[in-house]
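One chain, chain A, links the two complexes that follow: it is found with chain B in the first and with chain C in the second.
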Partner chain A sequence: MRSFTYSRAGSAAEAVGRAAAGTAFVAGGTNLLDLMKADVLRPEGLVDISRLPLDRIEETAEGGLRLGALARNADTAYDERVQTRYPMLSKAILAGASAQLRNMATNGGNLLQRTRCYYFYDTATPCNKRQPGSGCGAIGGVNRIHAILGASDQCIAVHPSDLCVALAALEAVVRVTGPDGERSIPFAELHRLPGDRPEIDTVLRPGDLVTAIDLPARGFAEHSTYLKIRDRASYAFALVSVAAGLEMDGDTVRDARLALGGVAHKPWRDPEAEAALIGKPATPDRFRAAARVLLRDAKGHEHNSFKIELAERAIVRALTEAAERKGASRP
Partner chain B sequence: MAPLKASLRPAPAPPPAPIPVTLNVNGVERTLHLAPWTTLLDALRLHLDLTGTKKGCDHGQCGACTVLVDGRRINSCLTLAAMQDGRKVTTIEGLTTGDALHPLQEAFIEHDAFQCGYCTPGQICSAAGLIAEGKATTDDEIRELMSGNLCRCGAYPNIVAAIRQAMATVAPKAEGAP
Partner chain C sequence: MIAIPSIPGFLTEPNGPIGKPVSRVDGRKKVTGNAHYAAEFTLPDLAHGCIVSSAIARGRITRIDTAAALALPGVIHVFTHENRPSLAWFDRKWKDDDAPKGAPFRPLYDAEIHHALQPVALVVADSFELARYAARLVHIEYEAAPHQTDLRANRANSFTPGKDKGGFQPPPKPRGDPEQAFLASPVRVDAEFTQAAEYHNPMEMHATTVLHHDDGTLTVHDKTQGVQNCHTYICNVFGLAKSAVRVMSPFVGGAFGSGLRPQHQLFMAMLAATQLKRSIRVELSRPQMFSFGHRPETIQRVALGADRDGTLRALIHEAVQESSRNENYVEIVVNWSGQQYACDNVRLDYTLSRLDVHTPLDQRAPGAATGVPALEIAMDELACKLGMDPLDLRLKNYAETDPNTGNPFSSKELRACFRHGAERFGWAKRSPAPRSMRDGRELIGWGMAAGVWDAMQGQAAAKAVLGVDGKLVVSSATADIGTGTYTVMTQIAADVLGLPIEEVTFCLGDSSLPAAPVEGGSWTVSTVGSAVKAVCDRVRSQLIALAGKLENSPLKGVAEEDMVFADSHLIVRNDRSRRLSITEVMRGSGTLSIEEEARALPYLLARARHTFATHSAVFVEVRVDEDLGTVRVARVVSAIAAGRIINPKTARSQIQGAVVWGIGMGLEEEAFTDHRLGRVMNHDYAEYHVPVNADVPEIDVLFVEEHDDMVNALGAKGVGEIGIVGVPAAIANAIHHATGVRVRDFPITLDKVLAGLR
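After this line comes the complex of A and B, so read on.
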């Protein structure tokens, strides 16, 4: 790692106040330090926010839960309220990384982790995300893990988080405090598509500190699942993942949430695909039809076209599981 | 290539001052003065001569560097020593009580749960964390919750057997369980 200065913030306000250009917050450190060792990120100063008192999980006045930005991924996944009221979220977190990493990783850090695109990590290759204007190594290179939806001719990277896919399906709200005060960001608006500015992952501005993630009351606990398809049975990033939540009226779908991971620069939701499920019987054919709506503009590259059919099948399987399932499943 | 003339070289920024870091390592309070970028793993191995904890990948991918901090298992390669200031660190060297091996150490020997042994300190510390967490009961759950520890010698079946045996003798503790 390159040389940097280190300081610990005693309060959120102090952290925001110290966030100068060239400075980064460090929470769990599991993504930031990894990228600093790879020389991809080169902050001149780290502000340690890991001890800020933003690590609680609390009830909200609206009947939901507030997840502290500094609550660890493991503590969030094993929280009894999360397990019973938001089982898809618990399952998604436990499908990610390893037990050690989940003990370190924070909820805020998880949202802001960077892509695992090989070229982003390899400073000897071009990458528009790492070095704007240098080109994209993955287009025309090895792109097996890359995007099939929402990509641009500048960047075809995917967002690697599992947690975020469930948060997108649950319509969580991200709470932020920054140099311009506090604000709330609907989850769907947090991450952006690459477009012609692939170096910018989210709508956060310099100095913004994520303080919490609010879960609305509706957790789809009765009929939900998180399905992760990957190269190994455990400890691997998703090729495709699906967070599915249904509200059922007998065999009819009354409401539906569907979010995909591993396919785009952000967790992918499509209102038309969800609309295609509502009021319809919960059958594989209907699920497949909705999957085709979601994937109508999917575009593969040389090594990742398999993801299109994989995503379709994963959606059908996840929705089938969610429709059948009563209550929480053990991950 | 000819060396740059000293006058043409940009003046290097002075290195940040070492920061004092106090760790309770295996029951002993140790104060070190470390460069900010010193990982907990390097602090243990290079500054405290506790070389039981291994560096495999240095990127959170193999689990060889697993230690317990305040009773919870973490990858010591992906945290700075300064971030753990004031905390209790337990390494493989700290699991024994006097000359008596920890039940996990006994079980690993009994089940021949290693070949080269490089992953073993990490496996054992991780298993101690797993038992404290109390989330695994079946072999499949042990495998899933130990997936952050790779073994290139492929001793996995024996590792699972050793952990299953030790789990029967060591009760999960509330302290350290997430």
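After this line comes the complex of A and C, so read on.
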């Protein structure tokens, strides 16, 4: 491993102050340390934020929940308030990684995990995300796990998180403190599409520290689900995942949230697809129509075209389950 | 059902340890961390090596700049082809016991690159972390040459190999007129099957620790399935005296065939230790576990022709597999198809296509795990076309003798596997039509397949030392790769001499022990077990002789066959009050210890006239999501006929583990090669999928009674491979039964099912 400096921050302000160019914050380390060992990431310094008091889950004045950036994934998923009020979120977290990883990984780190694209990990191959300008190995290469939406000719990587897909559907807000003070970022704006700068995953600026994730009061607890489809029953990243939340008025959809994972550089939401559900009866045909709206620009590559059909079917299934579900179900 | 057949004249006592579910004698060591593996041995001044792997698939190195690496304090040396010492020149010096025909790969030999991830340099440093960092600073420039890694694109460019590898016979000549018989058959199946390349991926990565002693001798702790194979290899390659090196491998964290040949980390560690004259460890990274031996990618065609009553009229099985440019790795693939069913018109063809890859390597049931599933899916397709129960079709064409040779089987209780397996599974309740069973949104499918594997035996020697305290130490240079060799050999020795398990110690994994071949092919119980029995029989005879000579011996004049050994005593079979303890016999005769060595050979005459094989019948239930195509294996029944089961507990573990791998073969495992780069891309546990606990249902293992007094003195055949053979096909057939979708390409990932569900 390359040499790097290590320091432990005593406060958020101190952490931000130390975040010079080339440094990285480390908390759970479940992704960063792997990438350093693989020589994919080469930070010159690590600022350890794991002891900052950002690990609580608290009520917000607006009736929602504030998830501390350093709250562990497992603690978040098993928090009774999360389970009762945001079952979709709890289910999404538990669909990810393994029990051991969830015990280590933090919520903030989960947002910032890097893609699992093979080419990103293998330093002998081209990857614009790892080494800008080197090319995209996955385009024309092995691309079974890659994007069908929002990709560019520079990068077709996908964001691997499950948690983020649910946060996107719930319209969470990411709270950040940085050199310019504190600010809030609507979840949909946190991650960016690759475009011609695939090396940049998010809108965070150097020195920005995620402190919390605010969940709004509406949790779609009665009619929601998280459906993850993968190549084995556990410990695999999503080929396609769906976070679905509905508000029902009898058999009619009053409001809808729909986010897709495993298909793009960020959790994929589309207001038009949700609009296609609202005010309509909750039927498979309507769900399929909405899915087709969401997937209207989907484009496959040699090995991943199946994801388009799979995503459509998964959306129909997830919405069907969400509509059927009565009351909060524990995952 | 555990049924242990009795073989007259073998068991000394019906209540002896053979056939008992004895817990692993090394279990405590393993679970307490006291079993030490190759990368765990150390000395205070241990150096650490890190291998640099090639970035290209073919070409040559034009420049290596090691200056930046060497400039780091603590970096000791960087070995490359430019500064390597003189090494063996002749190919035969680089051969090992499992080498196929050809020129073995020579690490750091010259500038040529033959395959992706080829080792091109070894960085040696004071610490592992430093070595790994310095390895990244080694600057290498290549001149790339065009490469071919795509079997599909190169299938036409193949050749027919000969008898190029031990244990594998070329296919027999065609019999009858298969092409004409096929065309004349009223019911026909003709389909192509593919099997993706798979990597062994044992949990423990390959590692070697060489301890350099003050007198210049070396102790080599290597991850291997054959300490003596590695011993010979390194002595030949480095020109060392046999007595100067000792190879040890007492514990192996899984191997599955990957340890059958000396791997390059052994070469690298030896190179550094001999050149630097110090102790060193070299361990591969997980991605580097994709830099040698794999189950080769295979494309097959199976054509079956049958009468309307299900009688097979024609069977054609063709396979093309990848091998490297430098060696003819063969696993034949097709021969079991000619052996499994009675059919008069058969053609079996096997060819190789050379690609720019490292040489493939035996992986659990090499050949059979690839070829038999193709046959067994084709049989299922034929049953569907005939409107016949798949089990009935197999019984209809049951081979009573080996159709390939005309010889009888030494034993073959496959029929009992079918019967007991079907009964346990509830096969009779199967609704025959595809898509006719469901539970909510899940389509339920029941599928079955038969399996077969060879019951081989090699030559091995064993030594036994019985002390006056009644403790027995038996040794042989075999391996225990997690299979239970320690335990089973202990049981055999304890059984012959009537000793409690705790009084017997079995030693293995040390090149200085009596000769044993590589541990693989399910032949270790047969090969080494026979030697253990032979040497313990000698000790037994000695004890009887000594007992007969004692004054006032109650055993005087008793013939050997009238004596039994139990509870550490010699006992007269028909008068159990007449007995002496082993200790009494040895003390009384002034014998401090009895030492014997014996060598066991296969029954060559019987082997020339019979076919020796294990058989299985596998029944699988799958649940397939009707919309999403996701497949879940819900239950498995595996019925096994493998002769006498020495230890039903370890044998069951072998079958269960093999079924788990069969689930992986069937549904998950696949190395994705980027053919532009000639490189496997999913080279880690996150993206190369093997089954996780959540994928594995209850696995019900049955051993059917099978009596075999020709296979060896134990009547046991070995169970390492047979458990995997039928599983992928049973899963594929169950998926078809559930969905009506026939997938012939392994692994059956959900996209392949989805394509059929549309």
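Side notes on the structure shown:
One rule holds for everything that comes next: the second predicted complex is superposed on the first by the 330 of 331 C-alpha atoms of A that agree within 3 Å, B and C clash if a C-alpha of one lies under 4 Å from a C-alpha of the other, contacts with A are read in each partner's own complex, and residues count from 1 in each chain.
We take it that a contact is a pair of C-beta atoms (placed from the backbone, for glycine too) under 8 Å apart; a residue touches a chain by one contact, two chains touch by 3 or more.
Here the structure is a predicted model, which means the values were calculated and not measured.
Once the two complexes are overlaid on the shared chain, A:V26 sits against chain B while remaining clear of chain C. In the superposed model, A:N103 makes contact with chain B only, not with chain C.
Touch criterion met: A:F306 reaches chain C, while chain B stays clear of it.
Residue contacts after overlaying the shared chain place A:D231 against chain C, while chain B stays out of touching range.
When the two structures are aligned on the shared chain, A:D255 is found in touch with neither chain B nor chain C. Shared contact residues of chain A with chain B and chain C: 1-3, 37, 233-235.
Those residues of chain A lying in contact with chain C across their complex are 1-3, 37, 39, 116, 118-119, 121-122, 124-125, 137, 140-142, 144-145, 229, 231-237, 239, 306, 309-310, 313-314, 316-317.
Only residues 53, 55, 129, 132-133, 136, 287, 627-630, 632, 667-668, 672-674, 676-677, 679, 681-684, 686-687, 689, 691-695, 749-751, 754-755, 758 of chain C touch chain A when the two sit together in their complex. Considering their complex, residues 13, 15-16, 19, 35-37, 39, 58-60, 63, 66, 72-75, 78-80, 82-83, 126, 129-130, 133, 135, 143-149, 178 of chain B touch chain A. Across the complex, chain A meets chain B through its residues 1-6, 8, 26, 28-30, 33-34, 36-38, 46, 48, 50, 72, 74-75, 78, 97-101, 103-104, 233-235.
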